[in-house]
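What follows is a group of structures, each given as structure tokens.
Okay, so chain A shows up in both of these, paired with chain B first and chain C after.
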Partner chain A sequence: MMGSDAVRIVVHHPIVWFARRIFSGVVVVWAAATFAFLIQCVLPGDRAQIIINVTSGNVGPASSAELAAINAKYGFDQPLAVQYGKYMLQILHGDLGESYQQHRPVAAIIAEQIGPTIVLAIAALLIAWLIAILTTLFIAGRDNIWSKLLNDAQVFLATVPPYWLATILLVLFAVKLGIFPVIGGNSPIGLVLPTLALALELSGFFGQVVQNEFTRVLEQPFVTSARARGMSDFGVRLRHVLRHAALPGITLSGWALGKLLSGAILIEVVFARQGLGGVLVAATSSRDVPIVSGAVLISAGLFVLVSLIVDLTYRVVDPRIKLT
Partner chain B sequence: MRSSNARPTRRFTGKSNYPARTAKATLLVLVGLSQLPSSIHAQEGVAGSVKRGGVIRYGHFQEPACLFGGWVQQWYLQRQYSDNLVARSEDGKIVPWLAESWTISDDKKIYTFEIKPNVKFTDGTSLDAQAIADNINGWLSNDPDLRNPTAAPYLSDSFESASAIAPLRLQVTLKVPFQPLLNVFAQSSQGILSPSALKRGLAVNCENPVGSGPFIVDKWRHGREVTFRRNPDYNSAPATAKHQGPAYVDGITWKFLPDQTVRYGSLITGETDAIYDIPAVAWKDANSRFPVLRHLTGGTPLRLALYTARPPFDDVLVRKAFAYSTDRRAAVDTSFLGSLPFEGNGALSQSSPEYLPELGHSYGYDVRKANQLLDQAGWTERNRNGVRVKNGNPLIVRISYSNAFLKPDGEQALQVIQQQAREAGFDVRLQPTNPADFFAGKNLGPDDYEVVLLYWVAPGAEIFRISWKPDQNGETNRFNPSRYQDLTLWDVIQKAEQELNGVQRTALYQQAERKIVDEAPVIGLTVLDVTLATKPNLKDVWLDRGSVGEPVFYDAHFDDGK
Partner chain C sequence: MSQGRPQPVPQQPDLLTVDSLRVSFGRGIAENTVVRSISFSVRPGQCLAIVGESGSGKSVTARSLIGLAGRYANVHARQLRFGGTDLIGLSDRAWRRIRGTEIGFVLQDALVSLDPLRRIGKEVGEGLILHGAVSSREELAQRVIALLKLVGVPEPETKAEQRPHQLSGGQRQRALIASALALDPRILIADEPTTALDVTAQAHVLALLEETKTRGKALILISHDLAVVSHVADEILVMRGGEVVERGNAVQIFKDPVHPYTKQLLDAVPSGRPRGSRLSPSTIVRSPARQTQLAVQSPPKSGPILLEATSLVKRFKGPDGTLRAAVDGVSFELRSGETLGIVGESGSGKSTMARMLLALDEPDEGAVQFAGRPWTTLAERERRARRRSLSIIYQDPLGSFDPRWTVGRIISDSLSSDVETRRKRQERVIELLDLVGLSKALLDRRPLELSGGQRQRVAIARAIAPNPAVIVCDEPVSALDVSIQAQVLDLLGYLRDHLGVSYLFISHDLSVVRHISDRVIVMRRGRIVDSGATDEIFRNPQSEYTKSLIAAMPRLVRDQRIGHSATILEEGIA
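Here is the complex of A and B:
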């Protein structure tokens, strides 16, 4: 019994938990890297051919001399196993390769662009949460015209495609009313419309999820007890109910951040904003595989990190949850 | 086949994957808006009656991966920072640029250029005959870092060598005479770059190419803009320019605005001083509100290339029937809303000097004639869907296209054609292909299509070499998607290329042009254009006539008066 308890304690020790998460994270990143490598090998079309055609803006088969030069330059003429080995070795050395079209290191290209994308995604996540919480505090468990209207607005926003919303916001607030610039660049004011375009959809989604849980928790005995202690309705909602109702929302945040990163790609293109969006769209169209692979790898790393943070946040919000 | 509007957008699946129709709807909203006060520019100094200073904020369409190369999006940029050996004027004449003068040997094979003295690249390297020879020899090599995908297909058969026979005397030797040589040298993609800078490798050169032009690449903020600053020592303007010496403005902020709502909206709100590619839906509004520049590109029109190496289009009667069965004029008018005209001459664009206007109306809509030709070709039966059948095979026409080569409105034109051709018994099937797959060859294999939509921008009829060179010595002409092999036609084209007499050369090219239209391996659809809208206070912007109509900001200046 003593031994089994000791094992259980060791297994539940935060360091062991952490090591296990790191190991599984590495496996996820390795799988993503391998997947990215395999994808470029199985996609139809000769890689050297695509590089030549995209560079020259032509279609049709290139001459064998041109193909040979490109194959030699990028090592496409070597066996796949050798290419894979070199690719993995590169990654272990922190080298994500060189872009076929930009001829620059992929790590530098992504590092240069990922900042504005992360800022946009996080800003949108925070604003989405803010809108969702405020509307939920206001409408959950209430049956009046305003709560119905807000509820319907949430459903509408949750179903609106962000790129459509982006164009409407742009025409209305930038071109027509002139409140925001059309070309926002990286300025804080330029962040407002792209953030709203992304956040409004998510806020509707969050709002619906949190509202269901919120309404359920409002009917729990401890809420009645809190009210009986003379707490105001808003105080009960804010201090007791929200804490319980937020849990499913936190679970969703990890998923939402991934969704926001991919959503940001389209939004960045619409607003001509610097970020991974433009680079990834261009890289996908020109099949600049090293950039796409690099982005897949970085995204996998980010997901691992975010899910770790979400798990840790659970523990803060609900101390009953153990790290397993 | 050179894409001027790719992308991502295409550039817009892929390069700009967001629905063009939404943009169109919102642009309609934009069109009704009043112009807001324009922004203020720093103005300083007066040069004669022209004010110096200010930075031009220009909204362009797509961002290339490298600041020079074979794609026209790169040419637009290269025109700002590099000079060419010669320039091409509006009337198609070759005039001096870096070469002050030149002579051609009696056998038409040796060109000797006298190079302008005291010109330097912006890295301090002397721009002499050797520097230009190094550039030209690099274009024709197989070194992927130096090879020039635009120059090579024109010159690879005729070019022998380029060398400096004196510090300022360049000699280009050809194996066989090739009159379009100077036209090729005038294209922006053949801008001369510093050989010492080129040795730094592609990674550095793509980011920071060094030429001798009126502007210097200052910084490329990827995903946003390229900033150019004035070259204060510029002393090598072409004869086509309106002044000599440094540019009037301090620089250019070349913004990449792939979304047409943003691009046109930024001009309305005064956030840009000039924008590229006015959207079709805003064409009328832009013309009523802003100075508009437009250049119809030379070379081929946007055309339907019919696969002639197998049935059904190996039969010229069926090719002609297909052309007659479609009201392409109506399709173009409906889709491009009057912003682009119909072009019936499939051989040559109307801005090419050798263009024959009477061929612009070829193959007008005539279903009766289409039916007659198909009956004559043996496609006499129809299946229950109304599709003609011969020897049990239905008359299926698969059209491959990609938005790398087609503006979003162009897809509607193809849908109209698809419906029209049904009446004559064609079963037209559209094969939209995303740019990456298209470049990879999807829907472009020998058995994959009956029609493909492509074009190639060039100054004029020298494009015939690219399109119609027959397969030789086991080498396939990759730029001939019709697979049309005609040795008589090739003979006429080669004769034209070797003819230095302008009148006779034009006559030979027009003979080839007539033959191409008559044999119908290609059918014209519309032209390609470069459009630019500028704010009224930005003066003297012009479009280069050497290649694709690149905006030239060298002579541009701001005028406070408006």
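Here is the complex of A and C:
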């Protein structure tokens, strides 16, 4: 009895929880790697043929000697299981393969380009949160013209596609008003419009989620308790309600960051920004499969990381949650 | 007139004066008046109790006194004075200066009235910070600990660092009171401060309120429970439908109530009546023959054993991962036609046991036999056919109904499939509704359109629909007002005598269990500490625990005021 109790205490230790999360994260990444491998094999068209076409720029069929050479070089003539084993081994060594077109390691290409994309996505997430919280603090549970207007604005933003918003912002602020550069490169000022284009949609969405919860929590007895102690309306909103109202939003942040990463790729193309977007669009249209499957793998890894961070954040905000 | 009652010093001027208070919600045609012209006043060292059932307007009245009746409330009064301040038309800023400092307010149900995400110490100290009563962090911490000590929270240093869900119900309620007392307000308004609590915790909180009163504070106590109020109140205001139906000295009202509604409320309290007698004026039972039947106390039952539990054990994983036995070696038997009461405070394992009896949870050890045949050891497939013989009534019927289903469908769903034609089923449902005292006009209503009492009657109709041999009643009247509770208890008694069904009646309320049960089991921490015939247990309890429970039971004191003599136990033990 004592022994099994000790085991149970160990099982519930945060480090054990953490290890379990890491393990399940590894499983997710492994599944993504398998998927990425299968993309390469299952895609229509002979891979050797594609490689020859991509490298040479010719469209016509290659000679069988050329094909055999490529097949031998990349190991396409070996059984699928062997290819899979080799691929996994490569990944374990941090090797994501080589771009057909650029003849450089995929890992290096992605590493060069992913920085600006991540910066853009995270900036957008933070701005979306900021806008959502500020507006909700002032409009939730209030019955005046401003709250109605801002609420409608949130709904509107939540339904607008970011690339459309990006075009509007670009035309208005960069071309007509000239406040921001049309092509910002990677300067901080150039980050403003792309971030807004990405963040506004999400802020409308977050705003609606948080506001919903906020209005519900405002009616809770513990809020009335705080008022009965003499707390002001704004104090109650800031100190008691906001924390509760943010919880569902935090859960959604992991999903949102995934969405932002894919959204960022599109926005980067619209604003001609450096980043993963341009690379991926080019790779997809030229069937440079290693880059695409490398990106799949990296985004799976990022997603696992982000959801771990989200869970940890949730635990800090709501200490009632047990690690399970 | 005053039988040993310490009268407040007559020279003391009124602290709070309310004259013709009227509260309504909405405007124009949609205006709904919930409080109509009520007047009262409170002096320091005096306790005014506002008594009434849900919807009587008592809570709205209390909230109007601190200007928190809500955004949509229209509050009018000829006079609303606190000390030297006129409360009518007070600005928000002025209100905030009074709230917490001059008037302390304790909301109903501490579980939801303390912020679940914040530490107890922060909640208790919030008023001190808001009104600038402390100058340093150390002073704040000291004051918070002192406050928690004042209200009798054990280990105040530890509890201050914990969050509401880590405290027991009684500790939470006391912490909430501590937060209201933080700035030593001159008046304390407490809305149902003991409603969600076990008897011993209830006794603690009442003692605490009484002590606050003797410290010279004015006290306004809102409650639906006259037994609770009878120990502390000096003056009582009985409210119904937003109006005061009776008002006067507490002794006078308990001894000689004038208004029929007050009488009805007093009659509805089980502890004030002989065991097994009618609690409600006749509403469900129409024929005189049935009435006499009810008044007769049922003789001791000795039918065949229906349900037999042998050494039941159920363990759960605790928060630290260790196993704890929620039910620890419990054995008992329920005979045909008998009512077995199971009493225990929260956490005693009553509900876990109910789930095992219903074979919803499998016991870790031991087994239940039903009608002389194995029950818990069977596979669910073999059990299914016999499930109809075992029904359940829950505390919260709303949660056990599909909100989209009509009353007719809810009851019909429980009918045996032997009732084949649609017409026969319909007839049977109407018959069942009639049996539980509901009109067939309710057939097409949905649960949300029913009152609390009607819902529990529908739950009872559903429970008796398959002609069960045993009904497990898990806190069936705990969420109901006293007069509704009285009606439901009477109904259960009537059905038992009429249908010959056995009850396993689970409750934390001793007076209710005493009222309805033939035999009683007292549970504590998963074990049986006392068992026997009801009268025997209440007259001559064997275990110390049962003695303390009975001592802590709030009794209606009708003739003479007796000081609250509950043995106050340390909560860690109790």
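Just so we're on the same page, the second predicted complex is superposed on the first by the 308 of 324 C-alpha atoms of A that agree within 3 Å, B and C clash if a C-alpha of one lies under 4 Å from a C-alpha of the other, contacts with A are read in each partner's own complex, and residues count from 1 in each chain.
Methods note: a contact is a pair of C-beta atoms (placed from the backbone, for glycine too) under 8 Å apart; a residue touches a chain by one contact, two chains touch by 3 or more.
This is a predicted model, so every value here is computed, not measured.
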Partner chain in contact with A:R243 - chain B first, chain C second, else both or neither: second
Touching partner for A:E112 - first (chain B), second (chain C), both, neither: first
First (chain B), second (chain C), both or neither touched by A:V82: neither
Touching partner for A:R229 - first (chain B), second (chain C), both, neither: second
Residues of chain A touched, compared between chain B and chain C (which is higher): B
Which of chain B and chain C A:V26 touches, first, second, both or neither: neither
Touching partner for A:Q220 - first (chain B), second (chain C), both, neither: second
On chain A, the residue positions that both chain B and chain C contact, one per complex: none
Residue ranges of chain A touching chain C (in the complex, touch as defined): 4-5, 8-9, 11-12, 143, 220-222, 224-233, 235, 240, 243-244, 317-320, 322
Footprint of chain A on chain C - complex, ascending: 63, 66, 68, 71, 92, 96-101, 104-105, 107-109, 112-118, 123, 126-127, 130-131, 163, 165, 176, 179-180, 182, 317, 319-323
Of chain B, residues touching chain A in the complex: 1-3, 6-11, 14-19, 22-23, 26, 29-30, 33, 36, 59, 63, 65-66, 69-72, 142-144, 147, 149-150, 201-203, 206-207, 221-224, 255-259, 261-262, 265-266, 268-269, 271-272, 404, 434-442, 444, 454, 475-476, 478-479, 481
Chain A residues within the chain B interface of the complex: 43-46, 49-50, 52-63, 65-66, 69-70, 73, 98-99, 101-104, 109, 112-113, 163-164, 167-168, 170-171, 174-176, 178, 181-183, 185-186, 266, 268-275, 277-279, 281-282, 284-288
